[in-house]
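You will see chain A twice below: alongside chain B first, and alongside chain C after that.
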Partner chain A sequence: MKRIFTNPDTRLRVIKITTAIVVFVLIFFSLQRLLMPKYASFALEGGLIREYYNSTMDQDLILIGDCEVYANFSTIALWEEFGITSFIRGSPQQLVWKSYYLLEDTLRHANQMPQVVVFNVMAMQYGEPLYEPYNRLTLDGMRMSSTKIRAIQTSRTEDEDWLSYIFPFFRFKDNWRYLSSEDFRYFFRDPQVSINGFMIRSDVVPVSFIPQPMPRVDFQFSDMAYYYLERMVQLTNEHDIELVLIKAPNLFPYWFSEWDEQIVAFAEKHDLLYINFLNYQDEIGLDWYIHSFNAGLHLNVFGAELMSRYFGRILQEKFDLPDRRSEPDVAAMWDAMAEQYHNLIRIQQEEIASTGRISTFLIDTNP
Partner chain B sequence: MLFTSFNFLLFLGALLVVYSLTSKKYRWFVLLVGSMVFYSFAGPFFLLYICSTIVITYICTSIIKRLRIKRDAEIALAVEKVEKRAIREKSKKVAKAWTAVCLVLILGILAVVKYTDFVISNINNTMGLLGYARQFGLLGLALPMGISFYTFQTVGYVVDVYREKAEIQANPLRLALFVSFFPQVVQGPLSRFGELSKTLYSGNPITRVNMARGANRILWGFFKKLVVADRLWPALVVLTSYPEEYQGIYYLLSIALYAIILFCDFTGGIDITIGVAELFGIRLPENFNRPFYSKSIQEYWQRWHMTMYHWFRDYVFYTMAASKRMLKFSKSAKRFLGDEIAKRLPVHITLIWVWFLTGLWHGATWNFIIWGLANGIVIMVSLELAPLYARYNKRFSSLTSKRVYQAFMIFRTFWLMNMIRSFDIYETVGITFNLMLSVITNFSLQQFLQYGVSTLTLPFIDYIAAGVGLMVVFWVSWLGRGEIDYRDKLDTFKWPVRYAVVGLILFMTLVLGAYGHGFDARQFIYNMF
Partner chain C sequence: MKKLVLLLALMILVTFILTACGEEEVDVPAEDTEETQEVDVVPDDASDNEQLAETTEPEYNYIDDTDAHEGTTPDAPDAFAFIFRDVLIEMNQDVSQVISALGDPDGEFEAPSCAFDGIDRIFAYPGIQIYTYPLDDSDFIHTVAFFDDSIRTTEGGIRLGANIQAVIDVYGDDYEYEVGMYTFTRGRTVLEFLTDDGIVIGISYRYLIEI
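Right, the complex of A and B next:
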């Protein structure tokens, strides 16, 4: 070591190599940042998972699952109505193992453990990794950790290589063909696509027809899906967290009674609360002609607010979730978010009134 | 395991670590184990073929070695010159027989796996033409990785042993390393035992200089393969898959594109090969010397795939052209054809035979055979016209010495080679001839002006990327003029410039390279030979 600093040749060589490595790393990560999708004008769902790390608040409620979670539950409605602090860790086609690892990731980053974790069981029907693009929308948003590495190993399909998940540069390097001003605009900061994981859609596309369910022979959930659901139970037990299973309301894809029976049995076995909201749609007040932005697949913000009010009441009654509206620091942050929330809804409503469609989806859009 | 795969880089890194941690004495053994592991990735079953070649070669050359020891002992005891000569002759005869046995066996393996189906399908076709309904089934044998390369390299070694130009390797494992050395087993270059053994077994340490130069060369190979060859490949696939749609000017585009792709693919692969060997301090022969600057086909072949050219020259051409049988034939031909022609006849016959074999070596199809023969015929005609050229050059020396004329010669050779090479890329010889004709009969200029290259599936921006890459390739080629290694030229720059150039090539490869998601990892073209 001493020789390195006394011999001028060796010293120069060390300086040269160090400089080269530093410059390489800087350029590599800058290129990676530039070429990765920003999810600001298309596939905004890809930005959902990363937003959790920007939040400095502790949450009492965590909702985990696929699109039926991030579209159907308004975190602001839960706050405004009940003072429940919540965060949704959901992304498109979030299969059970991805949900498990996201839960692990969420708890790892939480200063204070949530009291309740809600898991939407729709994804139980899938028993193996499916599509790379959906994997990307979930996994690329996760911060690097041993949890992420295990999530990659479990989620990737045969054709996917793990290296491109560690360094997404290798997946998105060809985006140089499609670089736009957006890539430079969001080089240093990510666009905000949700309010604590909830994506706001205030447009209405009423249901016009309900597709028939695909005929099936086998209704049994796979061992893999059960394994990760079991692990979710185990993880929440370890942290003394209540796990609630739900089936969010929708008109399609179809939720078979055979599936429901399996979840009921699972919940009974593990002494969990399971609510199939498909059975309470009238009680909630859902009208798929006005409460969906995609013809019955997901709720729009107005439907999500109804859903959240209904569910919030149950959660508060069953688990005694605290009303934090009286805590000034928490309230200040949540009220600021609520303002952004209502602001975006207002912008979207104005756009609908003037053009018939919405074009603003980002939270941090100036009116 | 593709050279351009991440697995290969991992394998290489692991091997370098093990190599550097092993004592000098056993480093060659680490390389042998690494080579076998590398080869087994192509299919463990293929190890049987390469091991058979090694075992056969070892047994035959060991017998020859024993014969030599016995011969030398007998000569030492012999008193008379005549007696010594007789011992030598007898020993040579037996050695020749064992050499022949060895060559028949190892070339037999190549012939069986590579050419059986070609022979069967030709028999079937002939029988069909003669009206016989019976057809023989094809064997469908899988071609072991690099079999043409390691077989030829081994043949070279066996012949050199017979000619007493190469030392006989007594250690079968060391011989195995010579045959299977992993960087070159895939696509050459074809090394000579005498040359390669100087560094292959020396257990050279991994030095900073070797690492830097080797890595630089590997990077350059990756650049050519990924940024230019593989990026342009999809366009060539479209052009050659629909020959009825892409004729005339598109045919010219196709053969020019193939020239660029083949050059970047093959030289890129060789750069990686040489670079990998350099990391271990092993020197492999160069295989290219800026072939597209050639002014004749003959010159082209002295600059392209040079080790193969030298192999055919040394082991087939000279052997056959100078054989007693050929000289006898030349002598007897004198009576009918006259002195001049009879003198040149052995050269021409051998030339055509060599190019027939070269074509056959490249692939068991008529396309390659016609390709080989076309090369041979052009070279033969050039040789015949050489006196005429000489007179022309003398008479018009003011014109022929001009740069424009030199450029014209380069341009002419480039396109002539492209035309010949087009037999490689189209499905049948008939299609190729039709397309050659289409340059006159259906130039398709209107189609080209209307659609350009937009129908070739490749986005226009990809052509720009590959074009930029190609400019870099030409720039480096220009740096390396006068047979100077471009890395030596690069070393003359100050370190920030040097590092910037290497960094630029690295990032261009990383960003513009056709690899990863959305691209099919494509094998090197010469891996298929």
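Right, the complex of A and C next:
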């Protein structure tokens, strides 16, 4: 070994090879970064999962699930009304196993354990991996860890290559044809698409028609869905965290009573709080003619604020979540986020007033 | 130095060659334009699939559906199609053609597409719902589902409430069975009959799309 470094020729060769490898790795990861979608002007939901790692705050409340959490619960309303610190770890069609691994990932990165974890049960209807594009929106945002690798193995469909999740370059290599200024603008920093996981939509598309659900005979949740829900119970128990199950009040896709009964039974068996908010729409104050931005699929920000005020009160009463508004450091950070939140709502409302539609969605690109 | 540059170039070239031989071109949904135009479908020999070996078909005492009758088969023997109010509805057809023939639907619902860039739409007419997927600024039909017993399948006149034996009498025994669902395949289309205790409770025409 010593001879290698004393021989000038060999030493030069080693330096050359090492330099070549380092340069190759730099080029490879730079290309990968450039070619990966930035989620700044399309499919913004793809930016949700990665934003958790930018947060320097510990949260008392974590909400986990699909679009029924990131569109329906305002983290700022929870702060302003109750002083509850929260983060939503949600992404589109986030199936139960993805939610489990995101919970594991969340706890892995938390300095202080949350007191309460809320899981939205809509995804229990799915029993197997579905679509690659949705896997991408969730998994590509996760930071590399053994948890992510297990999430990939569980979530990928048969045709998907797990290596392309480790090195997304192999998946997005053909995007060079669609490179735009956006790819260069967000090369070094990601666009901010949410306030602690909550996506802001101020527009209104009222409910005019709810389709009939397709008939079905088998309402039994799959073993796989139950398995990962059980693991969520186990993981929260291990960390002395309260797990709460909810069904958000969305009108569509349809939530069958046969599914609800299974969740009620599961919650009873594990002594969990389960709230089906479909049963409390009047108490919450929801009016689907003004509180949805896409005809009943999701709440807009005003509906989400109502939802959060209703749910925040329950959480504070049942689990004694602390009011952090009296803590100066915490309050300073949250108040700054609240300012961004209200600023974006104001911009969106101005856009609606002038053009009838909103075009500004990013948090950090506002004047 | 030349060797170093050559080595680097070689490594990059190898990476691109290796990846070029890899998976098919697919992009994240919203950015897709050209790729998603190639809507792959199951091969035409899908109808040759054998019945699922691991599932067991239940036995029923069948009664004849006296209302079943012979309908008109559309001129598409390798695909299922449906005639509604004298309008031929084919799978993977631009829905605007159907809407212009049928008139405005009773209701329309939009949802972000699960698999494509854009919006999935549901159009409701009395007794049926037409489901579409977006592609190139148009909406293409992927499913037509029945919701009341006033609607009959074009071939054989099967309606909700019919006995499954009537279905088999019309469509034959070349079907797949799984958890109450009888699936008949023609090319890239399927006709599905969902049954509960031998009675048809759901009927849908579907286009097989590979995402």
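The working rule: the second predicted complex is superposed on the first by the 367 of 367 C-alpha atoms of A that agree within 3 Å, B and C clash if a C-alpha of one lies under 4 Å from a C-alpha of the other, contacts with A are read in each partner's own complex, and residues count from 1 in each chain.
The criterion applied here is as follows: a residue touches a chain if its C-beta (ideal position, glycine included) is under 8 Å from a C-beta of that chain, and two chains touch if they have at least 3 such contacts.
This is a predicted model, so every value here is computed, not measured.
Trainee: Figure out whether A:289 sits in contact with chain B (first) or chain C (second), or with both, or with neither.
Mentor: After superposing on A, A:289 lies clear of both chain B and chain C.
Trainee: Could you tell me if A:297 is touching chain B, chain C, both of them or neither one (first, second, both, neither)?
Mentor: second
Trainee: For the three-chain arrangement built by superposition, which of chain B and chain C touches the greater number of chain A residues?
Mentor: C
Trainee: Look at A:187 in the shared chain and tell me whether it touches chain B only, chain C only, both, or neither; answer first, second, both or neither.
Mentor: neither
Trainee: For A:29 in the superposed arrangement: first (chain B), second (chain C), both or neither?
Mentor: neither
Trainee: Classify the contacts of A:256 with the two partner chains as first (chain B alone), second (chain C alone), both, or neither.
Mentor: In the superposition, A:256 contacts neither chain B nor chain C.
Trainee: If we overlay the two complexes on their shared chain A, which of chain B and chain C does A:174 touch? Say first, second, both or neither.
Mentor: A:174 contacts both chain B and chain C.
Trainee: Go through the superposed model and pick first if A:20 touches only chain B, second if only chain C, both, or neither.
Mentor: Both partners.
Trainee: In the overlaid three-chain picture, which partner chain does A:134 touch, first (chain B) or second (chain C), both, or neither?
Mentor: Only chain C is touched by A:134; chain B is not.
Trainee: Output the chain A positions appearing in both contact lists, the one against chain B and the one against chain C.
Mentor: In chain A, residues 16, 19-20, 23-24, 27-28, 132, 161, 164, 169-171, 173-174 are touched by chain B and also by chain C.
Trainee: Taking the touch rule as given, give the residues of chain A at its contact with chain B in the complex, in rising order.
Mentor: Contact set of chain A toward chain B: 16, 19-20, 23-24, 27-28, 31, 35, 132, 161, 163-164, 169-171, 173-174, 176-177.
Trainee: Where on chain A does chain C make contact in their complex?
Mentor: Touch residues, chain A against chain C: 16, 19-20, 23-24, 27-28, 37, 42-43, 46, 92-93, 130-134, 136-137, 159, 161, 164, 169-175, 178, 208-212, 214-218, 252, 294-295, 297.
Trainee: Tell me, which parts of chain B touch chain A in their complex?
Mentor: Per the stated touch rule, the residues are 6, 459, 461-462, 495, 499, 503, 506-507, 510-513, 516-518.
Trainee: Which bits of chain C are touching chain A when the two form their complex?
Mentor: That would be residues 3-4, 7-8, 11-12, 15-16, 19-20, 22-23, 25-31, 106-112, 114-115, 117, 122, 124, 129, 145, 147, 179-180, 194-196, 201-202, 204, 211 of chain C.
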